[in-house]
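In the two complexes that follow, chain A is the common piece, with chain B as its partner first and chain C second.
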Partner chain A sequence: MKTKTKTKLLSYLIPLCLPIILFLIFTIGTRGFGVNSIPIIISQSLIPFILSFSIVIIISTGLFDLSIGTQMIVIGILVVWLSEFMGAPGLLIGSIGGSVMCAALKGGIYRLLRIPSIILSIGLVMILEYFGIEAMRRTTTMVLFVKPEVSFIGAPPYNYIFTVVAAALFYLIYNYTVFGIHIKLVGDNELTAFQVGIKVNKIKYLAFVISGVFVGFATILYTCYSGSIGFGGVGMSTIALVFRPLIAVMIGISLNRFCNNLLLNLFIAVISLNIIFNGLIAFGLPASTQDITLGVFLLIVMSVTENTNRLREWRRRRTVRKEKQKIIA
Partner chain B sequence: MRKKGNLLKTVVALLLIIVSIAGCASESQQNQTANENEAQSESSSDRAGSESNGTASGDAGELPEPFKIACYDLSVHGAAEDCYRINLERIVNACGGELVYVPMQYTPDGVIDMIEQMLALDVDGIMFMPTTDSILPTIAKMCEEAQVYFGTVYRSVRDSEIQGILEQNPYYCGYTTEDDAGAAYDVGKYLAEQGMTKCAVINLEVGDVGGDDRDIGIKKAAEEFGFEIVAEARGLADAAETAKACESFMAAHPDLDGMINLGTYAMGGVEAMATSISNAGKEDTILLGTCDFYQSQQEWFDKGVIRIGRGGQHLIDNAMTLSNVVNAVIGTPVSEDGPTYVTASNVNVFTGDELREWYERTDSGQNIVFTDKVIKTSLIKYFNPEITQDSFKQFAADWGFDFLRSIEQ
Partner chain C sequence: MALSGILGAMSANISIYLLLPVTIIVGIVIGYINYIFVVKFQINDFLLTLSMSFVLSGTASFVLNASGIGVPREMLKWSSQGLRIGVMIGVYIICAFVFGWTPLGRQCKAIGANEKAAVYSGINVKRLKSIAFIISGGVAGLLAFFSVIRAGIANNTMGGQLPFDVLIVLLIGGFPINGGVNSNIRAPIIGSITITILMNGLTLIGISEREQQLIRGILLLLIVTATYDRKRTPVIK
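Moving on, here comes the complex of A and B:
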């Protein structure tokens, strides 16, 4: 029992080392980075953290959705309009309701057209961007401002409350529901899932809908974060919004090899990325070097986690070989 | 199950119909607005035309042969951009030509694709914004083969070898740029004079010629006026990302007393910078300056958060290159001796009222900048043979409040 607890604790400690080591490196290495940076790092991590839930739900089902960021911006634009008439409740209801409706539509189109999800999502990015432009055309400035009496819901402590609620919801859905088990089964082997009686298409449709709920939560925070929402052009520029949460998901899934708690791993991944981002700014490095460092970090984490088993096997073989040599000697 | 499928198909079909109708409606609305503006500009141009008798050698009855020019389209549809389009179309229409748009691409190979699309439209001239120098020889070759005149906007050519290749090309008309390095230098200088000692900058991606020039300018100002650039962020995608960067700047450098936006494609980016400073309660300690004007920043001038804005070049940059290309296409090039390189003037604003006046005069659609009188006396040589390369350049150099105030509507 004791050993089990020890092993479990150790499995939690390994992923936790990642942000701690990064934090120490930047704290020692730079003057401006330290404990004072923690609130900023946490507050900057909330939106990508929530978006990562949405991406995980989709990826677990074996799908891919690049339109999440675009959806967040377009729904954000609409709910800022809505909040003009309905205030904060309009923003809340509009964000979650609008995102779920948009996601349901996405799922419906996917079910109907049966085309690869990545192609569908690229097409949807273009269509949603068009709607975003049409909505922004109603303004003269291409920027919409959120009234302070509304934007407070995206400020502390409410942003933390929303994040905790979204995280709890994700944790329950992903780990303790039949749907959570089904999406993993569908993602692992669609054919087997179908053969054991899982309605694959229905699960995929629901995955889109549930991911929409999390995009809705992220939309609330995104809309209120800078007090304004701007959207100027088409050309799939909004796809970039998915990249950082996507990197976090990749790292989070990789860390799952050490500690079987995806929620914690996603949080660790998002926090680590923001530590790097803030640390590099404190270092005063040029932006190009910041990008290189982030890329190198991703490669290191992925290669270490992906090759853990190979490393273990290599060490085992080496030990066996040494013992064999000892016996022969 | 089949019923559900049918229902879904019906819903999707209905949605597709709605999208198509919405698209058509917006297009027709756009055309209607353009027509209204056109009508408005026609009436003012008639007035301007009657005033310009005697200065122009051509008139409405003696237009050049019809021609077609292709122009990059930023796919941005704010009031300002729509106003620019109207003004640019006026220049081409005044000469009996047609202006067509092709969506702008921001990557080097994307720009080449865009040029191919332009040439496929069977045009006589093109204007575009090159993201880097390296693509220009390829484009020059494409234009020479297609016998299409071309000019560039916003960017100069920094590579002398490439400049030489372009000057050998009979279809190259030249470029219009603004003094990007000078603009950044001036913003840095002003803020340093106001007491800035440590600043963070936001800029475009490395390799973007305009952003790189501004980098040079701000570094020069830093050296000369003794302030330090302690942090930078580039290529920020949206307002939220810009706000995050500003928060990080302030957290990492508590003694930061300046922030400069050297360039961004993020809509609402400058407003996000101002909001972050304001939220941190550092309006009095962090001086914010910006290159380029953004449509809603006048309120932040009023609040005292933004101290200086330097910009206003978009309309003049595009109008000068377009006029340059039109002159070449209709057979009256600005100069017979080679390409014409124009440096347009930037404008400094320090208050919200100044910026409001600027928008009122250039971007609101209420005023026509390029009236028939202006086009026929200062821009198109066909109508006024006395236009020289120097007078053409001088027109761009005179761009500013005084010029705008002098236009008779």
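Moving on, here comes the complex of A and C:
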């Protein structure tokens, strides 16, 4: 029993080493980066953390959706307009309701067209960006400001409350519901899932809808955090919004090898990325190094996790070879 | 493409004849690095594309350290319609021949159709993948060359939206997303001509850029819906 507890504790500690080590490196190596940076890092991590829930639901089902970021911006524009008339309730209901409706429509289009989800998402990015731009043009400005009496939601402690609620909801849905089990089954082997009686199309549709809930949460924080929302223009630039949470998801899934708690791993991944970004700024390095670091970090994590078994096998063979030589000698 | 262009432009300021070989060599090297990560380290190709786009765009910005780097003026004379069309036709003929009439092309299609079966058939999949990545990198370098001599400048935004535009062109041209036996070299030509005529036509009749993007998005979905081979893919992800 004690060994079991010890093993479980170790399994939680190992992934935690990643942000701790990164934090220590940047605290020791730079000026201006330290304990005072922690609230900023956590605040910056909340939106990608919530978006990562949406991505996990989609990826677990075996699908892919690059339009989540665009959806967040477009719904954000609509709810900022809605909040002008209905205040904070309008923003809250509009974000989650609007995002769920958009996601439901996406799921419906996916079922209707029966094409790969990645292509569908690229097409939807192009279409949604148009509607986003049109919505901004109607307001005669390319930046919409959120009223102060509404934007308080993006400030502590409300942003933490929203994040905790979203995290609890994700944890429950992913680990303790039949839907959570079914999405993993469908993602793992769709044909087998179909054979055992799972309604695969319904699960995929629901995956889109549920992911929309978390995009709604992220939209609330996104609009309120900065107090404004804008649209740079067409050109599929909003796809970039999904990359950071996507990388966090990949890192989080890789950390599952050490600790079987995806929620914690996602949080660790997002925090680690933000520590790196803020640390590099504290180093005085240009913004371009953030991109290089992000890419290299992902490559290293993926290389290590994809090759853990190969490394283990190589070490085992080396041990067997040495023992053989000892016996022969 | 951006990194190839920037390094090529830097070399062009030493000697104008260095631009083409440097852009192509940098492209080939990057292609080979991609091959190492995909085949040797077995990283998912989409994730590799994502990470390398960050690394390379960051490196391009870091190397550039400015808004752009110009090339000597006399190089702008190289940017002629005849040269571009000639190179395009030459590349197309070479690719069509290699892809359609050589064992290399047939083996590439076999890998796309069923990689395991290709391995059991004795095809050296790793070698072919390395060739594919190298060719892809080399062509990206060639595109960087043309982009630099056309604009007279290399910057870190070169080829920014190109991956998605190329994907759209291929899909519209009827190229199967998973590759395989139905892959054909006509698809890029058909797709790029279609898109170019469509976009230019829309611009001429006064359709704005955002409306063009909407039309491209709808067109992409409709064409893929109509042409996607659902019989060969029992599971659509």
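Basically, the second predicted complex is superposed on the first by the 328 of 329 C-alpha atoms of A that agree within 3 Å, B and C clash if a C-alpha of one lies under 4 Å from a C-alpha of the other, contacts with A are read in each partner's own complex, and residues count from 1 in each chain.
Keep this in mind: a residue touches a chain if its C-beta (ideal position, glycine included) is under 8 Å from a C-beta of that chain, and two chains touch if they have at least 3 such contacts.
In this text the structure is predicted, and so the values were computed from the model without any measurement.
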Clash or fit (per the criteria above) of chain B with chain C on chain A: clash
Partner chain(s) touched by A:I93 [first = chain B, second = chain C, both, neither]: neither
Contacts of A:A104 with chain B and chain C, given as first, second, both or neither: neither
Touched partner set for A:L298, first chain B, second chain C, both or neither: second
Partner chain in contact with A:P116 - chain B first, chain C second, else both or neither: second
Touching partner for A:V143 - first (chain B), second (chain C), both, neither: first
First (chain B), second (chain C), both or neither touched by A:I133: both
First, second, both or neither for A:S288, with chain B first and chain C second: both
Clashing chain C stretch [against chain B; choices 6-14, 150-158 or 186-194]: 150-158
Doubly contacted chain A residues - partners chain C and chain B: 109, 127, 130, 133-134, 233-235, 286-288, 290
Touching residues (chain side chain A, partner chain C) in the complex: 62-64, 109, 113-117, 119-120, 122-127, 129-130, 133-134, 190-191, 233-236, 239, 243, 246-247, 250, 286-296, 298-299, 302-303, 306-307
Of all residues in chain B, those that touch chain A in their complex: 5, 8-9, 11-12, 15, 19, 22-23, 26, 74-79, 103-106, 200, 203, 205-206, 230-235, 237-240, 242-245, 247-249, 251-254, 265-269, 271-272, 275-276, 279, 294-296
Footprint of chain A on chain C - complex, ascending: 37, 41-44, 47-48, 50-62, 156, 161, 164, 167-168, 171, 177, 209-211, 213-214, 216-218, 220-221, 224-225, 228, 230, 234-237
Touching residues on chain A, where the partner in the complex is chain B: 30, 32-33, 36-37, 40, 43-44, 47, 73, 105, 108-109, 111-112, 127, 130, 133-134, 136-137, 139-143, 145, 222, 225-235, 237-238, 240-241, 277-278, 281-282, 284, 286-288, 290
